[in-house]
Amino acid sequence: MAIDIDVEKRLGDRLIAARFSAGPGLTALFGPSGVGKTSILNMVAGLLRPDRGHIRIGARALFGDGIDLPPEARRIGYVFQDGRLFPHRRVRANLVYGHDLTDPAKRWMSLDEAVDFLGIGDLLGRWPASLSGGEAQRVAIGRALLRGPDCLLMDEPLSSLDAARRGDIMAVIERIRDELKLPILYVSHDRAEVDRLATSVIALDT
Amino acid sequence: AERGPVVLAAASLQESLTEAADAWAARGHPKPVLSFAASSALARQVIAGAPADLFLSADEEWMDAVAKAGLLRAGTRTTLLGNRLVLIAPAASKLRLTPARGFPIGRALGAGRLALADPAAVPAGKYAKAALTHLGVWQAVASKVAPAENVRAAMALVERGAAPLGIVYATDAKASRAVRIVGTFPAASHPPIRYPVAVLKASRHRDAAGFRAFLLSKPGRAIFARHGFSAP
Amino acid sequence: MLSAEEWGIVALSLKVGGIAVLATLPLAFALAWLLARRSFPGRVLLDGLVHLPLVLPPVVTGWLLLIAFGPFGPAGRWLESWFGVSLMFRWTGAALAAAIMALPLMVRAMRLSIEGIDRRLEGAARTLGAGRWHCFWTISLPLALPGVLAALVLGFARSIGEFGATITFVSNIPGETRTLPLAIYSALQVPGAEAMVTRLALLSVALSLGALVLSEWLVRRTHGGRRLRGD
Amino acid sequence: MLSAEEWGIVALSLKVGGIAVLATLPLAFALAWLLARRSFPGRVLLDGLVHLPLVLPPVVTGWLLLIAFGPFGPAGRWLESWFGVSLMFRWTGAALAAAIMALPLMVRAMRLSIEGIDRRLEGAARTLGAGRWHCFWTISLPLALPGVLAALVLGFARSIGEFGATITFVSNIPGETRTLPLAIYSALQVPGAEAMVTRLALLSVALSLGALVLSEWLVRRTHGGRRLRGD
Amino acid sequence: MAIDIDVEKRLGDRLIAARFSAGPGLTALFGPSGVGKTSILNMVAGLLRPDRGHIRIGARALFGDGIDLPPEARRIGYVFQDGRLFPHRRVRANLVYGHDLTDPAKRWMSLDEAVDFLGIGDLLGRWPASLSGGEAQRVAIGRALLRGPDCLLMDEPLSSLDAARRGDIMAVIERIRDELKLPILYVSHDRAEVDRLATSVIALDT
């Protein structure tokens, strides 16, 4: 499945414009801070409405030509740059939030599996406010994957993880990319990460 | 302008006393400062040491309470006014009924309620209860009473049709166009309705006694009579 | 300790206050939500309308209720002819009066909390597959919970203390509409009944202290764990 | 349009309400802060005490004020002998009554906002060299601003509508304590004066609508820019 | 100046214990996610109270032996892992918050300088909520440096910056380390960063 994006959006006095088609596999969005990477992911997720343009994943139109699917209908899994765990739900309840809303047939990962490769077994009973930066980041990854999406959006998902953990998670992302053949939009500033994971790289420029 | 004496007066005296104060001021005196509220509230203020000059209560009981606290100027307490008790119905009501021994008020009420000022607390309600008891019909209506905060609120219940009948002062009924006086209670059916007036011990105002005298004078009484009050 | 009559008054106050607050809660929340989240023509007017019972002397509110819900009033006639229901002189009328007086306090408290919600969390929930309603029930409402609890406490306390609108609207009928404040008022009208007044006032205080303690306990229960850590 | 007397009443209401709310604000904030941030023995009791004016019928509050601040009361005597000040029949007494009735609403609103402050921001300010007080003024207080504004609106509206405690405490003196609700009450005592009542009630409504619009404008001014972005 | 730390702190069921002396220059704290790096910085900053132990910077005791300086007296500059910009102040007001509180004689960087090397000149009038992840991070760095501290605590300060920007900022950190000779505690998971900047590395382990 390919992702086809052609959007424009004015934010304050900045104009974010992006136009690219990414083939199957993992597409890395690469570009300086403030160029609009997060904005693009938000538009794909349905959290930010483009001023004009279209967004398609495979045969499905998410936006454009009068279509504007609500976020919950887009079937995407989004790892936010800023975590966004639900502060009033314990880690376990955060993890299964999307999982429980998904048709069991569409899920492709179990809670145990996610907990296992993310190494967050000890944290299930904890409140998000007590997590360390990296712990919160791992929970956020788990939450997005457990939702069993058709497409993944990952905004610097590994930025505050140590090398070992990073390797484990990259391995899982590779598996998802290759076995499940999910289209993945991936934002990172880390060359090594991009080199290892990316099927294609989109360089954004102002 | 110089401030006149501070007069604490029962709320039901509002219109008439304001007129009397204007008349007094028209004679070249400083205009009295009039504060209208429930007699109970005013009496409590006096008892708490409020620096007022005159107190006009809607009943003897609260004047007694002030007297007992030793706050009246000796020899200044007199009865200023009297009033009558009437049975009222909404203006549109066709009901005929004369308050007399054993009159069929219970039947007239039907499933409706009888609006009164709270008979446990407010003077007008106490008089109404006394009258109905005297006429031998209290038992018939006791469970159908709607006790209101004061006479005006009781009358509002009748005005708005919430109660088919009510008992209020003649002065109130007279002033409202939304109610009809069905009948007047015999004066003998209840203790005399009296509005006592007295100068307070705390009074420093030279006009206090003068204004009191004016209220009791012929022109003063004429004003109250015009509003439906009777002589005591 | 308490006489049967006093028990009756307390029970009635609890019933009137409790039902007033619980029945108003959804409406108050909806209003708070509207005022916090939507902008529409007439928003400030609606806001003003909600504040009305706070601004007007309670007696006037009671008087307006009487005009509207009395047998001659439009709302009263409508209720009577369609449901055969009359609020006049009934505890339901007292509850209506209490509810209206409590409304502005409840709306404000909840509105403050709703405005404080981090809306990005709602966005996150939507991407996880939650529809508007599911998101509302699982994210927005729980995050607004402090406001809801504050609204319950404020509203209940206000209801327990409501006097002017109640007595004007539904008068002071023992067993039906004589709640604690009305009983206190009656006692205040009698010279020398200060002891009785004090007794009844202490009962009011006890009731609302109970509600307070309960709410604090609820807050602690629901929020205790998610305090931010000490850094 | 308005008679001189009506202007006088409006001006008095504004003065009483405005001063009551502004003078109470610091105390109310301090109480809200205490209740939100500290735990100490007697916390729930203090909380209950703050709610008291909400729970008790206003007439009782007025009566208690009369007992305490009347010329024969302990507080009244103290004020008289030390400052030569008496609150009896004075607008200052009306302001005191209004302030006490508004207190619980103001405390709750600010408390909600204070509890919502992200305390990590205060920590950040401290590391940047801000002492407790500077941090309070530059971080905590501005972050609690929505609650403060809500408190001002609620408190002002409540003050404008205050009746029972005022008339019981400082009576109904024209030009001194006859605020709008007392004037309305006086008009209500006169049968057939519904037009006058309506007129005065509309004045109250206008006053509080004005306060609302002002507060909304302030909120928008201080907060407009820092809305979260639309993601 | 050297940093001398010996602290213990129980957090929930985890015990964070650290004991090290770092010489002058930049000391990198290295260790897996959740090991307690942020907690240690918080203790040095005075935001988290150790259960026991002491913290000294050069001759100054910050904590221990009855001493517990409040954060504002510790004269540290802290770049938080989670930004923590003041949402009610525009970027410019955020930047100068600590600057204005500092004795001009003790400042060692001007607003213009900071704005310049961080590349945030366009953002001065903006509200923090509208900043991108990397923009917010740069403002946070500027705010900490402008405070003119005697010691820097940096918790993954470069995690969401692109390589070019990262290079610029590292150059500045090097200058601060070498010219001003400030002790710096630096948390990072990035090997390259640590290799380039660190005078000494403390490896933390559970």
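Each chain carries a letter (A, B, C, D and E) given by its place in the written order, and its residues are counted from 1.
By definition in this document, contacts are C-beta pairs under 8 Å (C-beta built on N, C-alpha and C of every residue); 3 or more make two chains touch, one makes a residue touch a chain.
Being a predicted model, the structure only gives us computed values, none of them experimental.
Set against the Cα centre of subunit C, the chain with the most distant centre is E. Counting contacting C-beta pairs between every two chains, the top pair is C-D. Chain centres computed from CA atoms place A at the largest separation from subunit D. The geometric centre of subunit C is 49 Å away from that of subunit E, both derived from CA atoms.
One inter-chain figure worth recording: subunit A and subunit E are separated by 29 Å, centre to centre, where each centre is the mean of the chain's CA atoms. We define each chain's centre as the mean of its Cα atoms; on that basis subunit B and subunit D are separated by 35 Å. Chain geometry summary: the mean Cα position of subunit A and that of subunit B are 78 Å apart.
Looking at subunit A, residues 11, 38, 47, 82, 130 sit in touch with two or more other chains. In subunit B, no residue reaches two or more other chains under the touch definition.
The set of subunit C residues touching two or more other chains comprises 59, 63, 120, 123, 164, 185, 188, 228-229, 231. The residues of subunit E lying in touch with subunit A in their complex are 11-12, 31-34, 38, 81-82, 126, 130, 132-135, 137-138, 155-156, 159-166, 189-191.
Listed in rising order, the residues of subunit C touching subunit B in the complex are 59, 63, 66-67, 70-73, 88-89, 164, 167-168, 171-173, 185-192. Those residues of subunit B that touch subunit D in the shared complex are 6, 8, 11-12, 14-15, 33-37, 41-42, 44-45, 48-52, 152, 155, 172, 175-178. Those residues of subunit C whose C-beta lies close enough to touch subunit A in the complex are 120-121, 123-132, 134-135, 138-139, 142-143, 145, 222, 225-229. The touching residues of subunit C, when paired with subunit D in their complex, are 44, 47-48, 51-52, 54-60, 63, 104-105, 108-109, 111-113, 115-116, 118-120, 123, 146-147, 150, 153-154, 157-158, 160-161, 163-164, 180-181, 184-185, 188, 197, 201, 204-205, 207-209, 212-213, 216, 228, 231.
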